[in-house]
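Here come two complexes built around subunit A, the first alongside subunit B, the second alongside subunit C.
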Partner chain A sequence: MIPGVNGFMYPNEVELQWSVLIVLYPYITGLVAGAFILASLERVFKVEAVRPTYRLALLTALAFLLVAPLPLQLHLGHPERSFEMYLTPHTSSAMAMFGFVYLWYLTVVLLLEIWLEYRAEIVGLAQTTTGIRRLIYRALTLGSYNVSPEARRIDDKVGYAVTVIGIPSAFLLHGYVGFIFGSVKANPWWSSPLMPIVFLFSAMVSGIAAVMVLYVVCSKLRKVPIDMRCLDTIARYLFYTFVIDFTLEMLDLVHRTYEADESFRSLDFMVHTRLWFSQVILQIMLGTLVPLAILAANQLWRFSVGVRKAMYMTAGGLTLIGIFAMRWNVVIGGQLFSKSFLGYTSYKMELVTREGLLSAIALMILPFVIFLVLIKLLPPWQEEKPR
Partner chain B sequence: MDFSRRDLFKAGGKLLVLASVGATLEQITGAEPASDAYKMADHWWGMIIDIDHCIGCGNCVRACSRENGVPHGYFRTWVERYQIEEGKQPRVDSPDGAMEGFPPNTRERLKSFFVPKLCNQCAASPCVQVCPVGATFVSPDGVVLVDDTYCLGCRYCVQACPYGCRYLHPQKQTVDKCTLCYHRITKGLTTACCESCPTGARLLVDFKNPKDPVHEILRNNKVEVLKPYMATQAKVYYKNLDGAVR
Partner chain C sequence: MWFARKEGVVRRLVRDAGHLIRPALVLLAGVAVFLVVRSAIVPKAFGQYGHYRPGALALVRQRPIAYAGQDTCVVCHDDEATARAAGKHAHVACEACHGALAQHADDPAAHVPQLPDVANLCRRCHEKDAAKPPTFPQVVTAEHSGGMACNQCHQPHNPHL
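Moving on to the complex of A and B:
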């Protein structure tokens, strides 16, 4: 008997190939895509109530996007060769497109939109600050100091166009991550045409929840009142996307159960044993049903401001845990059963290795450090100066 | 014999002219190179495995491991033992890939047989499809290979292989797999596993060779590939394969 193995695994399957770092990757890109979609609510769909979170959402997306490739780099056997994906991409590989989608999203969409949004302030700061800060802001102007009303009007128009392009790009960024898993026909836990769309909606759910929680935390830390109209609106959109996400996931579940193909017995056993806690307890109950119930209650009844804040924070926090559990169950769950459907292995997370728990924790802290630097450099608070 | 430096240069010059003329003539006439030279386009490799002939001795696993320096705990080939009781899930084992064979069956009234496994050298290979840099490829003679100077070690191919034939080499940190002993078969030898099999349960075959026994075997026997529903165009065929095998 091999430790950690029940039944029969093909001998090379005993060791899991994709670790917790590969769990982080879809989680992080999901937060990016979701935060961007929330930002676009204000910009493109004219949901004025969420204005206070527009810039916050953009900076959140950037902070997480900058970290997104790091778990992949740490995971590669030869990270020094990763540039080959740009130089000689294999066109039939979903993964090969990652670099291009990532670069497109980072440069054409996010950096450009943030620059256009902040340009007037960057020019102002480049003229009023001193020392290193002045140098940084001067560099950030990219040599353009024209902030005449006409120039700002053009900025706004281009920014709008970029956001419009950005929405399908955000869909592409995360839908494609779903495709990486959904297109593996060898793995019935992954192989599903629903996978990209499930990933997409769960991304929107996690990104909206993350910005909602960040907005409340930032407001508390800055000791400024929370715009409850904004918070209520975000919670409402979180509820809508969550309902779609949950429906899609349940559709997948019902479809698998009803079809009950060859893999079903094996996968069903896995969900009832090794994935019971992470899938049933964390993902479905605590991470989905509880926040959905909280958000639904807020659509039906009007609670006091204090209660609403507490409810939204609870729902947001649980949602973030639930979506992380969902990524875990997809990535790790998909490797726990044998492709012979005759056995199960287990994932033993290491602690202080390249792909261990400490690396994962560091990678989850890093976006917040970047976020702090970004809000210092480009303050997203604009209560006093509406656009 | 007296042989001056001048004579040596003369003789050398003549040889050079002759060789050049020969080479030019060969180019003009399109003459074949030496008959023993290996030409990839002339071959399309695969294997036939006869389940009824496998005795589970593990010779093939040991031979492969030695021939290819397979790291401990990983397998380019392995043997599985199926034990099937009527109406029940099959019990399958492969202790250390059958490196030391199998312990005896402890139960009676079982259908029991051995299934040697290796890379199926699929022509429509999912592992090749997903490689982000094309480091794994099907060679013109039909062998799925990995360029370990190019592989990133992302392991997407390991996930994509339906048969569990790939692993990350712990030292090289690149993906490794059965090469069908490419270094041997291109020299006219058979694979280490086929050569070491005492019962002839494994047979290296060349589908492009009209004289290869594979054609007669395929014509006269019921054969199957593993997981045919994966549609990978596997080139490892099994004779007498039980439907329970995955």
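Moving on to the complex of A and C:
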């Protein structure tokens, strides 16, 4: 009777409340957490090979972090009211508490770590540039020009400590996003204690893949050679985290199938019909198995540099699409079936509305614009002078 | 000896780590601004009765009453009340069909209500919909009435034929 609806749907389920913007939100936050964890590999776990992407990863994390809350703001319609969440937070609201996790992560972890990392350059640039750029850099020095070796050594120590604090913070940041879905107990597609962990690992996968692709693209654009040792190492870590991520997701799937609670038939039907393309084809086949196979092949055999680059780029691109599909299937999939388990609705994406496709595309472009500004301001390249 | 060495350590620390105070100060300044803004914006008695602004209660109370409630209608409209009480609409409030009529109840002569638009009114509750409990009387209105107004066959106040 109602277009797009099959079977029985409660009236408030017919139209989806959470649109493509809510898909973007965990996707973008995931990229932040993943990029940061890649950066901390170098810092805390002393994986020297990934050094060339350290700064790149930090700036990527910052660019995406600044955009992360925007999809939510746009979804709210009254964005200015979100500020109330900080003014009068309610302790029973996961969202309100997340506001503080976000601020903590932005200020105490990311900005501080970037500042400590770049201090020498900032001071140098404040003394060599002119005009408005000079003013910006002078402001960024926060008034201290002390970049003596002793001072930098202390910066390094503090930066290390910040990274150590940053890892659980990044876990919290993205585990929390999974928590928000996992704690919706009325929705069997979401309600699972595995949700935060699955989100976390998929975040790491997407963040690492994003930095890997960005690194190759940036090197190509700048016409500098790619450090293959670095790229191989990133690809290896991508493979490891991906294996864990995939295992966890399959564990979730097997567990659901075995448990087969009263929701199972309905969800199973949904996966075989409305979600078949986005879940089985995009997420599992193209977005997971293919990149995993490519990455695994690279662990087994040595290919030539050109082939490896192409393989990594393919794997990275597919991974990013696959993780996006995963967010889509969680957010949109969770709203397609009736809580009566007797019917299904469909999601019709709008084009030029506030929550339409164009807004989503603009929001996805914005982090790259910020990223461009950031690399102009704080060049992450340091092939010439290794630390 | 020991004291002098210690003093040296402190002096070196101030020299080499002094710049770390600055981001801390920036952060503190941010927190301070936030606290000032917060104390200026958050209503004074916030949280007195619960997680909301107590002044909101007074504001809500000030708003004009829109619904009179059916006990009021019954005082003057005995006929409709009796008719309704005898039928299945006994528990459907007058203003669920007639709309908010507090002004009319206050001064019937000055505010004569418009009668409901039957073509849409009955459909609103009785249109066939799988989401409604099966025991609720519902019809596919287009087929059921053949285009006639519902109240040509049913009495709105006592709908049984």
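As a convention for this text, the second predicted complex is superposed on the first by the 386 of 387 C-alpha atoms of A that agree within 3 Å, B and C clash if a C-alpha of one lies under 4 Å from a C-alpha of the other, contacts with A are read in each partner's own complex, and residues count from 1 in each chain.
The working rule: a residue touches a chain if its C-beta (ideal position, glycine included) is under 8 Å from a C-beta of that chain, and two chains touch if they have at least 3 such contacts.
Remember, predicted model here, so these are calculated numbers, not experimental data.
In the superposition on chain A, A:185 makes contact with subunit B only, not with subunit C.
Judged by the touch definition given at the top, the superposed model places A:76 against subunit B, while subunit C stays out of reach. Look at A:10: by the touch rule set out above, it reaches both subunit B and subunit C.
Once the two structures are overlaid, the count of subunit A residues touched is higher for B than for its counterpart among subunit B and subunit C. Contact with subunit B, but none with subunit C, is seen for A:339 once the two complexes are overlaid on the shared chain. With both structures placed on the common chain, the touch criterion links A:85 to subunit B but leaves subunit C unconnected. Of the two partner chains placed by superposition, only subunit B is touched by A:18; subunit C is not. Once the two complexes are overlaid on the shared chain, A:95 sits against subunit B while remaining clear of subunit C. When both complexes are overlaid on chain A, the residue A:46 reaches neither subunit B nor subunit C.
Judged by the touch definition given at the top, the superposed model places A:302 against neither subunit B nor subunit C.
In the three-chain superposition model, subunit A touches both subunit B and subunit C at residues 8-11, 88, 90. Taken in their complex, subunit C has these residues touching subunit A: 12, 15-20, 22-23, 26-27, 30, 34, 38, 41-42, 46-47, 51, 129-131. Of all residues in subunit B, those touching subunit A in their complex are 73-75, 78, 80, 89-94, 96-97, 117, 126, 128-134, 150-156, 158-168, 172-175, 230, 246. Residue ranges on subunit A touching subunit C, taken from their complex, read 1, 8-11, 86-88, 90, 107-108, 111-112, 115, 119, 142-144, 146, 148, 150-151, 153-155, 158. Listing the residues of subunit A that touch subunit B in their complex gives 7-13, 15, 17-18, 72, 75-79, 81-82, 84-85, 88-90, 92-96, 98, 180, 183-187, 334-335, 338-343.
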